[in-house]
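Below, chain A partners chain B and then partners chain C, in two separate complexes.
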Partner chain A sequence: MIGYILRRIGTSIVILIGVSIFIFGLLHAIYPSPAIDVLGSRANTVLIQAWNKQNGFDEPWLEQYLRYVGNLLRGNLGWSYKLNQSVASLFGEVWQRSAWLSGAALVLSVVIAVPLGVYQAVRRNTVGDYVATSLAFIVYAMPVFFLGLILINVFALDLHWFGFEASQSNSLLSIIVDVHDMTLPIVTLTLLTIASYSRYMRSSAMDVLAQDYIKVARAKGLPERLVLLRHLLRNACLPMVTLIGLSIPYLLAGNLITETLFNYRGLGLLFYTALGNVDYNVLLAYTLIGAVLTIIGNLIADIALTVADPRIRLA
Partner chain B sequence: MSQIGAGSLPPLDITRAPEGGEIGPIQSGWRLAVREFAQNKLAVLGLGILIFFVVFSFVGPVFYHGNYLTSNLIATNLPPGAGNPLGTSNQGYDELALLMKGGQAALEVGFFSAAIAITLGALVGAISGLAGGIVDAVLMRIVDVFLSIPFLFIVLIVAVRYGASVLSLSLLIGAFSWLVPARLVRGEVLTLKVRDFVSAARVAGSGQGRLISRHLLPNAFGLMIVNVTFQVADAILYIAALGFLGFGLHWPNQDWGDLLSNGVSYIQDGYWWQVYPVGACIVLVVIACNLIGDALRDSLDVRLRRR
Partner chain C sequence: MRKRIVGSLALVAVGVTALAACSSSSSSSSSSSTTPTSSATPSSSSTSSGTAAALPGQYGSVPNEATGPETAGTITVAAPPNAAPTWILPIVTGAANSVFTVPEFDYQMYRPLYWLLNGVEPKETPAMSLANDPVWSNGDKTVTFTLKSNYKWSNGQPVTSQDVLFWWYLMKAAIKESPANWAYYTPGLGVPDQVKSITAPNSSTVVLNLTAAVNPVWFQEDSLGAIQPMPSQSWDIDATGGKPITDWATNPADAKKIYDYLSGQAKSLSTYATNPLWQIVDGPYKLSSFTTSTGAFTMVPNTNYGGPHATTESSWQSVPFTSDAAEFNAVKSGSIDIGYVPLTDLPQATSLTSSYNEFGYSDFGWSYVAYNFKDTTSDFNNIIDKLYIRQALAHLEDEAGYIHAFFYGAGGQGFGPVPAIPQSPYSPSNALTDPYPFSTSDAATILKDNGWNVVPNGTDTCAKPGSGAGECGAGIAAGTKLEWNVIYNTSPAIIGEQVQDWASQARSVGITMNLSSSNFNYMIENYNDPSSPKTIDKWAMEDFGGFTDSTYPTTFGVFNSTGSSNLGGYADPEADKLITASISSSNPDAVTAEAEYLTEQQPGLFQPNPDSAFASGILVWKKDVSGPPTSFQSLTQYGWNPEFWFLTS
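Now for the complex of A and B:
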């Protein structure tokens, strides 16, 4: 067990190094130096070369990478030449908003998708199952922004129930209590996640329903409610642990588009603005953070699975 | 005990079982799969939708000449009516012509990138599964590395710099979506390579390349074709997202995402024709691909076959 966890952490570190080399190399190949952005488009080559030399952008690729990683380990994410602010402080201002949006959506989707999947599996091939499956199938095929647009059109512009723009407040507390403006972004991201989670949950619950221990539990006279709660739910949730870990890149992508659509000043919108004005260090840092979150998410999911599932006992 | 088996096994059909030296009618696995597919109504519906959109996008412009190139400021934001069956955009372009133009881009990118992804994935997966050992370990770690990268972010970053044409976007999306097919093909090759027919081919003197191209990949073909349909659906969603965020194709090429992001600005004015038709197009094509994929998976998976 301990050996497995240590080995798993070791693999994660190897992957992390690979990911950082790849992302840094790719961005470096695309945008070799931010000199033009700093000096202006009319800077001549002599000036650019001098600036590159002064800021270390003329060094070999590997040296720049090692310096960047060294800075990262000391908590320095680089400098945004466009916004003239350190990337760490930029992220520090907005990360809580993204965490609230994504966290609320993730928790809501798990809370809704798990019972929904179990319900569909138990009552499979009934009207309820067909309706839920079809809805999930349609939402699953829908681009995030189109889903958000429909919600805005119906619930904000026609019915006036909610705001069409996310909360613009600076304090996290007032964002959390601002149900009027935060409902639509959270619901958009939640619906999208439920659509994929409930599909997996349904098939996972159906697999478990066919197991012998469910038959045993029923045969010994356990009430159906307890069969579902104690035997089905726990076992059917195991694949969900892996699924949540694997779905982090999709959550981040959904978060990016939702924040852009609802003009919610979080990490996603920051990344979007950085794309527009080619803010190299912001792009690099956020992509790396996304990769780190994915790797950590997968690591935690794997370890949680070995702890939760006694059948998995790897040496 | 007999009750457990009764539900899952069909009764033995004695009349059709070949006797003695006779051989029953030969039916290839593919023909069985096609029949199974044709019996699935949803799959046929999906195929119908997809064919409709291919015809709509590629043959449609031959018969319908709408204006999608010159802005016409007298005819902006017209509701659907005579001359413009689906209304006009904020620059006076004909929405129906734009839909066709966008459909071409979406379908082309979808199929090209899926083809790239499956080719790359099948090669890496087959080599990795067949070679084993250190090659396998290195290739699979590379797959792990790519899977940990937030895909959309990297595609956006590269698209800002290089994305402009159907080809470059296809290459870009294909280059980041070969990972799942690689893993699937590797798994399939791992189970296939210990089978007798592969050993027989090896004994007969097949080299690694011939083993992969003549024996392993054809047998993993069903798996690959199922994956292609899902890849097409994903790629269409990705290019729509790129277009919506404003980093997709460059004018005069347009895709459905561009149209949607144009329409968003006018949704408050009630110009529904700029948003809902194009949204419906995206959703329908993606649903069609997913339906076909699900049905293909069911019809190629012998265990799930009803008979």
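Now for the complex of A and C:
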């Protein structure tokens, strides 16, 4: 196991270097210098040249890249020239907010989608299955922006049960306990995820139900509850483990639409703003962190699979 | 003051978006009441109906200032997406320059020499200027101005000529380090390059000797108007707790040290509200809180402010939003005092009239489709340089229809670089009435009269090549087609809607416009001939939005042949002459002549402007928030005067 993890870390470093070169090159190919985006299209050439010099964009591409990597290795993610803050501080201000929103929605989704999917598989082609399937399709097909707007209009503006925007506090603890304001954004994200996960779970559970060991378990007289808990659930959850592993990057990547709609400043919005400003350092840091989380998520999923299914061995 | 906005935010703002509004509510906390006295505010006329005199083309109305008791409290004001201030030192960098950083934030604490806005009117409000109007002499090569005695720093010290010089020498140190350190710097033009010397003969007088004669109006509004005195007796240090450095005027190295220290402090956003430096202000407000993660901030009254203000001043709080939709939800819930209804939600605005006042007016600026006069693809350069072609294209634009259909009635027409509304002291007569009104038949007639075979819904071709009367014109061969590409910005949607309709009308007279969409950043990076000469033949027309005008609306930089923002290489000797006169002749009407000529010549397709405040939309404010009408009207022009607002309950 340790050898496997070390090999994966080695591979990951190569991948990260590749990602950094690709993103850095891509940004420079599209926007050789963001000067005009930062200074505005009425900026004169003297200002543009001065700004390029001030920020190192007058140097060859490779020199810029090596300087960037050098800073990165020293833990310096760079400076956002549009937001006038270090990239590290920008991320530090909001990552917990994004993590809480996405994390809470992910946990709720799993808690609801897994039993729902099993129920639908066991009771497939019944009224309950049809209703759950229909609702899942409706929510899945609905743009998140639209779903959020409906929830806000009904539950915040009409019924006044919840806030029309997410918590504006800077304290994570305050955000966590602010059920009034955090319910709607979390529910918006959760509904969408449930719609997706429950379908995976239903399909996976149906496959497992057709396996011989389920028939054997039933034939030897094991109660249905134990059949489902001991033999079906664990095996049916294997695809979910991979899915959840791949969802880990979203914990920090943020959810742009939900954050935007619910006035919740998180990493998704930070990335979107950086795109508009062609804010190189924020974009690079965001992409690299996303890559790191994707790699970690995959690694965790692989390890979790071996725990869930002893037949799987890492090599 | 309005020279401010030449950054991308402003560009987006004209073509794009929103408004602000206010109201009271749960967010307003009353604290004290007094009897009002008349405020020395910008002028505005009122009617017996209880509302301010209607302005041409306005949406909604503005109630007269309430006459009952004034109540102080905290007024919440919506801030649209991407509006968080990112700079505090009143030598604003190019990267930080925006309508939100400067008028909403910076000017509340550090006033410019001249306040160049009066309600929606782009003209000075003398009572709110720190200095008296300048006096010119020596053939417009020497300018002298005096500071008013009523303006003081919050520590009680007067604003003096030394404070102007302090700003001056630190600004020079800033641009010596990098020209990008001061957003308004244009090499060789205006402040400081056209100034030979600056002196302060006494504590209230400043004299500038210029290298050459300039247009006095232009210099006052675009150069002197950008000066923001800084407290020389408090900020003359190069370290926290350091000893005063007094030779900044004679020792550039020391000026640099001070600038480096102050600009370094301005990079610490988290200390904006706590750093003692930024508590010394000459504006009506001090910063009391600032949240770096959101850009939210609160301003409290500066009790030593010497300018006009409400008898009972309120604090105000900027409440940032991540989207127009989130902001509109806040307005619908009644949780914000001053906000905006985004243009796309305007049909819902009537549901707010019981609790909010509503007012809409377009910003003083211009939106346009830029023409590429250097695009040789299919001889487009030889086509677009013909005035009759540009006139025909203008006839195909249905501005009134766009305002009705796409802006929900909230917008103002624009026929040239000075819009029809707001009216400016420099508006030429042809800027007020469409010189080329919408008429497809007029467009077709113009083409036929100039040698084109017009094929409605087909493709027009040149039937009579040559340079004579009734012929297509120089460089256009027989059979040349009227067909080219148009690239438009997808955000906001109204840009695409207008361009698509225009292309549709063009199609009806046989002109084919091949449309493609892009985004703002890509367009200004790649479809800008002075910056990207390699892409000169990639575009014939583009619509990215437009520009917010300075109070003095010269198009220097945009339509002069060497302008750095002359996107499509428009070159006309007469235009060059007029534009040059706008900045260098003593004729106060020079800029009017410039605007009149460009309106006639149509160097681009000028478009209507949607109503705006912070973006496209209309302003709304709660009915228990009052003040002079101009203090609300000015929000549609990126002007902020919260010092005049008060609560009525």
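We adopt the following convention: the second predicted complex is superposed on the first by the 262 of 315 C-alpha atoms of A that agree within 3 Å, B and C clash if a C-alpha of one lies under 4 Å from a C-alpha of the other, contacts with A are read in each partner's own complex, and residues count from 1 in each chain.
Going forward, contacts are C-beta pairs under 8 Å (C-beta built on N, C-alpha and C of every residue); 3 or more make two chains touch, one makes a residue touch a chain.
Because the structure is predicted, anything quoted here is derived from the model rather than measured.
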Contacts of A:Q168 with chain B and chain C, given as first, second, both or neither: second
First (chain B), second (chain C), both or neither touched by A:T45: second
Chain B versus chain C as contact partner of A:R230, first or second or both or neither: neither
First (chain B), second (chain C), both or neither touched by A:E259: second
Which superposed partner A:Q54 touches (first chain B, second chain C, both, neither): second
First, second, both or neither for A:R7, with chain B first and chain C second: neither
Partner chain in contact with A:R218 - chain B first, chain C second, else both or neither: neither
Partner chain(s) touched by A:I30 [first = chain B, second = chain C, both, neither]: both
Chain B versus chain C as contact partner of A:I152, first or second or both or neither: both
Chain C-contacting residues of chain A that also contact chain B: 30-31, 145, 149, 152, 157, 260-261, 276, 278
Interfacial residue positions of chain C with respect to chain A in the complex: 6-11, 81-82, 84, 86-87, 94-97, 178-180, 183, 185-187, 266-267, 269, 291-294, 296, 321-323, 325-327, 329-330, 332-333, 335, 520-522, 524-525, 528, 530-531, 544, 547, 557-558, 564-565, 567
Of chain A, residues touching chain C in the complex: 30-31, 36-48, 50-51, 53-54, 81-85, 89, 93-94, 145, 149, 152, 156-157, 164-165, 168, 170, 259-265, 269, 273, 276-278
Of all residues in chain B, those that touch chain A in their complex: 141-142, 144-154, 156-158, 160-162, 233, 237, 240-241, 244-247, 257, 260-261, 264, 267-268, 275, 279, 282-283, 286-287, 290
Of all residues in chain A, those that touch chain B in their complex: 11, 14-16, 18-19, 22-23, 26-27, 30-31, 137-138, 140-146, 149-150, 152-153, 157, 249, 252-253, 256-257, 260-261, 271-272, 275-276, 278, 283, 286-287, 290-291, 294-295, 298
